[in-house]
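In the two complexes that follow, chain A is the common piece, with chain B as its partner first and chain C second.
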Partner chain A sequence: MSEWLPPESESPEEAVPTTGPAVGRDEWVAREGERRVSRAGWAGTVEERLRRVPWWAWLMLFVAAGSLMPVFESSGYVRLVGFNTVVYMMLALGLNLVVGWGGLLDLGYIAFFGVGSYVYAIFDSAKFGYHVPSILIIPAATIVGALVGLLVGLPSRRLSGDYLAIVTLFFLELFETVATNGNQIFGHDITGGSFGISTVFPLSFAGHTLAVQHNGIFAVSYYYLAIVMFVIVYVSLFFVNNSRTGRAWRSLREDPLAAEVMGMPVNWLKLTSFATGAGVAALAGTISTALNASVYPLNFSPVVLITLYAMVILGGSGSQPGVVVGAFLVSVLLQVLQDPGQARVLFYLVIVVGVIAAYRVSVRLAIVAASTAVFGIATHAIAASFHHSWVDGAHGGLAGVLANWVVVPERLTPWVGQVAYLLLLVGMLCATQLRGRLRLVTLPPTLYLAAFVWENQMIPNPGPARYIVLGLLLIVLMIVRPNGLLGERRVEIN
Partner chain B sequence: MQFFIQLSLDGLTIGSVYALVALGYTLIYGVLKLLNFAHGDVFMVGSFIGYGVLQALGGASDPVVPVWLLLVLVTLAAMVGCAVLGVVIERFAYRPLRNAPRIAPLISALGVSFFLSNSMQLEFGAQQFNYASYNLSGGALYFHGFDLDHVHIPLLRIITIGSAFALMVVLWFLVNRTRTGKAMRATSFDREAAAMLGIDIDRVIVFTFILGSALAGAAGVMFALRVPTFAAVGFTTGLKGFTAAVIGGIGSIPGAMVGGILLGCAESYTAGYWTTAWSDLVVFSILIAFMIFRPQGLFGRVDIRKV
Partner chain C sequence: MAERLLELDGVSLAFGGLRCVSDLDLHVDEGEIVSVIGPNGAGKTTLFNLITGIYEPDEGDIRLAGESIVGLQPHQITRRGIARTFQTLRLFLNLTVKENVMTAAYGHTKAGIFRSMLRTPGMRREEREISELANQKLAFFGERLMGYRWNQPAYSLSYANRRRLEIARATATNPRLLLLDEPAAGMNPVETHEITELIGKLRTEGGYTILVIEHDMHVVEGISDRVVALDHGTKIAEGTFVEVATNQGVIEAYLGLGTAETK
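Up next is the complex of A and B:
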């Protein structure tokens, strides 16, 4: 898979000829960019030019494109998705701080998002009768989130990666428990229990309330407010990253022992990294809660956590533009997978691009394509000869065209689906191991099975299917391209 | 007193399940230094395999084979299936990352866990699957048993706890009295030195995954004999299994057993004397207390790092 990605895709700020090597990398590594041979022809020139564009220009371009979205898109749903994407971007930036810069595997991150949400909901809702002005509650929630982060970090001071992961994961479970059972803490109702708090007031500044809906659809003001917050978070984290503390965090990531020997306050660095990340998450929680006007314990399940990790890993942990792009891509991906038509197009596009990337334009490509088509048509003919209901499941559009090739029964017998899924897994695993002719033989049935499973099981069940795709994405990315799309490639020196 | 005995019995039953899960964590952590997040989901898959075999053999109320054979077959199938699954996971998700930074296999493990639980949900739905063990030979496994201070101890409980302990004894024997076990201990002590002395590290790791996953499969069946199983059960149980391993001291086999039973009892007493809602809180507090006051656990040895 890595062959068809341009080998020198680096983050834009890499371009800045820095004054010297950054901490944690030696000079030879830091000057890797200078030794790089740029590509010949106009592609190389464009690449070189693009690399010179400063980071703030990219950011402005990105924000401008995002701000224009509501102008062209009048659907309230799409705007809401846009808002959620911006919230995800903020969360990804905060997680990147902890995982990408601090090198700490924080699996309780989403709980801090929850802390911010609940602080806002408790002190600004009709349920408890408080109505604290937004200008006070937003910073307060951020600080409370950071403090909780500090507290969670405290017992994990002495712990290495795995123990830290488990403590934070347990904290997430605990947060969910408290939120779900918070309506009976010594007879008091604090969190509204599993029904959550659903009477949250919208944001209000100086007595002026920012309505959640405008003419019955999602109010764009929240979208722009989220973008403003995102820019503030992005820029301040950028400067933090280039500060003494930022460099110290990265040294902690590269080698905690060496950092400690050099006199870095390792414990304090871990705690600040944790707390800052938690603060960012809590900040994202406030605006998200204000817009949704409600908060439920289920909003903070491990599922959201894995989604966030997929964003950070896909974009490239450690790179700010990377995780923003990752958040955007995963958020869009999750939406696309929910719509049957789009999910179908995406699937076949990925398959076609993947096969072409693996075989380039060659005889083998033709063999794979032809034999997959023939295999499908033959299977379809056999299935149709048994009973017409075996192939009568799909109608119209792309699905209708494909229905002449993929077997889509009116009602899939469960065990057939289960066997097909198992066979698909076996086929996929074999295809990664086999080489040459053997792979050529196993590929067509596997591709056909993939199409069968996708049409019959994944598309009707977008819930689990989305997360199966995310889980696979995490595994494959870790193996094929651990630095993600825009991440810094680490050069290991022993 | 009767209530206490009842709770202890409950704690012992669920605790032996935790102990079996914890053993898998401990073994794998010992040789790979990897926190296998997918272990809880292997456990879940085991309980599903057990359910499938049980149904294939006629279900609990009308089995085609004698009850004892039914239980043995169900457990064996789950153990074998999980062992295969464990080997596949190791081969495809962890082995390519053997020399990557430590965070990489952890994230890959998260991905595997997510993949497994959602795949099961896709194929079998999110509903609960009940072994209906109270129907086994007309409920005899519940009526029979013996009384202790007027508390009835059903036969099924005794079988569960007994077989869990039998498995632990077998494991202890495998690790401490066989050549492969010796290789395992050597690998977990110092992987590089073991490799230099001619131990095939890959084989040892595969063997460890077979052992750990088979135990998880057995634990899955024992769990599901008591309460219904479902696709999302692996996550929390895995978490508790790992906590049990930490309490006992990671890398220590007797530690994992003691930790599991302690955890099961703590949970059972909390549920009995206080409320079920907060049992997670108690487990978490115990974990934190251990992390602060005795990070090496009950039986673990203090790790001295050489620079």
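Up next is the complex of A and C:
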């Protein structure tokens, strides 16, 4: 039974022609680098150079840029936003460890942030009269956070996916309930209840107190301290990620059964992933609480958790620089969007980019743009011909440019706004479901309605409006880059 | 007689009322290559799952070098010296080619989280050893895996190379016994021929004892010291390739009852 042997000409040595890809060889893949088209000219050179910059150089550049911010920006508000952004970055790094590397859907993550905050607040506040030195309480709170993470992990280590999400979400609710009702645990006041603890001492090192405010302005020392902590966390986690534990965590995310069979104790790895992430969150909690000089149960609501997840997903779950960029973008955007004028610019920008992305540069794009403009001018003219108060609401900024296009009455009858909102929803449904000419017909009125609803309904209520714009931005970004801005993970369809 | 490396003693396993493996005796001696054959659903992969601890047998005992491994967690069994590949490939696709092999060193390395955070000299030395081990295991496949840059993610590999990478990963656990689940599945004739030589090389150069499930009879003939045929979870034949291949029961199991007579 030796006729199965391939003929001589097919033997591995001779089957391969000296040039070109050969059957059975993976040269096509092997030569991927040569085939990859790199951009010609200086752009290609720059791209190639940028790719060779090591990770620590990027980190140093990023940190240097962040450190220079207070030099140019003396506003206490902007500095505070900077501080909160750095805290968010730390939280995102910890969440990335659990979700991006460990692959564990942890919806209770923000509770560990709370544990760190409360440990600091309880042992360093006038309320209970303790004043533990910061050099002790910061590591202690981190360890307590990690231990609580271990405790939550213990019952959930055999769960995965949706079940783990439910259990951890339950833990977050439990934490909130305990924090809110913690003023009457067996007759003792432990957490200050729903009023929280508002007499927290600032950080102090060797008897020297780090004042939160300096001449009424936010003290920069906290900002720099947060940056130092962020760098320590970033570098430590980077090293762990490239160690046997980090590789094991990522294997766990890819295939838990294969990881177990390859000698990795999956249950233990889940616990360590959970606990390390929780420790990072608790660490972020201490400095945040010290700066705010207070802690309330509402600081740890699911909204914060969702924002954090948005940062991690947007930046690219699993990529350390990605989640940092994601945290930076979302945190800054949420601040920028608080100003209606800036939110307006972003809103129209998203719409324009969306329409261009859908139609590319084509005749249809021109048709949509022209007909939307004409539709608006005509509507505006008709409305103005009835009564000038119908179009007198617009004023200032970009609204001045739009004043002859969007109908903004001085006082909008409430039901008109609601009907417009409803019509907008119907229009959006039609525009996304219809194809070809029908879409071309429905799109201009829908776009106009969007502008109408935005100017009349959203601008007066900036609260929900900024989340809507952020949501829109996220949708567009996730369509353009499904793996996040810097994410590299791919899911293969066999 | 060579030392008994693996010994299965009256092993049975049932899922509900379905008996997958019943009263199976099997042994693999040190340095031997044993093939397990049998039609689909005969319980071959279940046998591997029993040996690696994914399932626990209802009855019977499994011993590695004389010590019972029943009731141990899969990762503990791996640390004692059994490594396997999967019939349906289970690589860590988003890890790089080299990282895939490096992960398997987890069981015989020590550096913990804190030592990794601080990058202590001991941890860095260990990292270098792991890296060296991975290079060595990947180099075992010669030019086949050499063409790749090893820092590419594993999903960029072709099907055949994924199978090779799985073998490399399994050997990086430093096993004594290697369980290969259909190593030649999905390979073309040239590659199948290569795999046959490779399995021989794994024994002579790697020093592994090998238990292999294979459907391709040419491969089975080419590598086996001994062949075990399974059907419905029981052993229906055992012996050299020729003995098993000419066994009436085996032919019936593969081709159906009655076919042997009409032939």
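Basically, the second predicted complex is superposed on the first by the 417 of 494 C-alpha atoms of A that agree within 3 Å, B and C clash if a C-alpha of one lies under 4 Å from a C-alpha of the other, contacts with A are read in each partner's own complex, and residues count from 1 in each chain.
FYI, a contact is a pair of C-beta atoms (placed from the backbone, for glycine too) under 8 Å apart; a residue touches a chain by one contact, two chains touch by 3 or more.
Remember, it's a predicted structure, so these values are computed and weren't measured experimentally.
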Is A:Thr276 contacted by the first partner chain B, the second partner chain C, both or neither?
-> second
Figure out whether A:Trp58 sits in contact with chain B (first) or chain C (second), or with both, or with neither.
-> neither
Does chain B (first) or chain C (second) touch A:Leu257, or do both, or does neither?
-> both
If you stack the two complexes on chain A, which partner ends up touching A:Val240: first (chain B), second (chain C), both, or neither?
-> second
Does chain B (first) or chain C (second) touch A:Gly417, or do both, or does neither?
-> first
Looking at the overlay, does A:Asn181 come into contact with chain B only (first), chain C only (second), both, or neither?
-> first
Applying the touch criterion given at the start, work out whether A:Ala248 contacts chain B, chain C, both or neither, answering first, second, both or neither.
-> second
Overlap the chain B and chain C contact sets on chain A and report the shared residues.
-> 257, 261, 490
Within the complex, chain C is touched by chain A residues 1, 4-6, 10-12, 15, 23-27, 29-30, 32-33, 236-237, 239-240, 243-248, 250-251, 253-255, 257-266, 272, 276, 318, 488-490, 492
Residues of chain A touching chain B in their complex?
-> 99, 103, 105, 107, 155-156, 158-159, 161-163, 165-167, 169-171, 173-174, 177-178, 180-181, 184, 257, 261, 302, 306, 309, 313, 414, 417-418, 421, 429, 432, 457-458, 461, 463-465, 467-468, 470-475, 478-479, 482, 490
Under the touch definition given earlier, write down the residues of chain B that touch chain A in their complex.
-> 29, 33-35, 88, 92-93, 96-97, 100-108, 110-116, 118-119, 121-124, 235-236, 239, 242-243, 246, 277-278, 280-281, 283-284, 287-288, 291-292, 295, 305, 307
Can you name the residues of chain C that touch chain A in the complex?
-> 52, 54, 73-75, 78-79, 83-84, 86, 90-95, 99, 102-109, 111-113, 116-119, 123, 126-127, 130, 147-149, 152-153, 155-158, 160-161, 169-170, 173, 188-191, 193-194, 218, 221
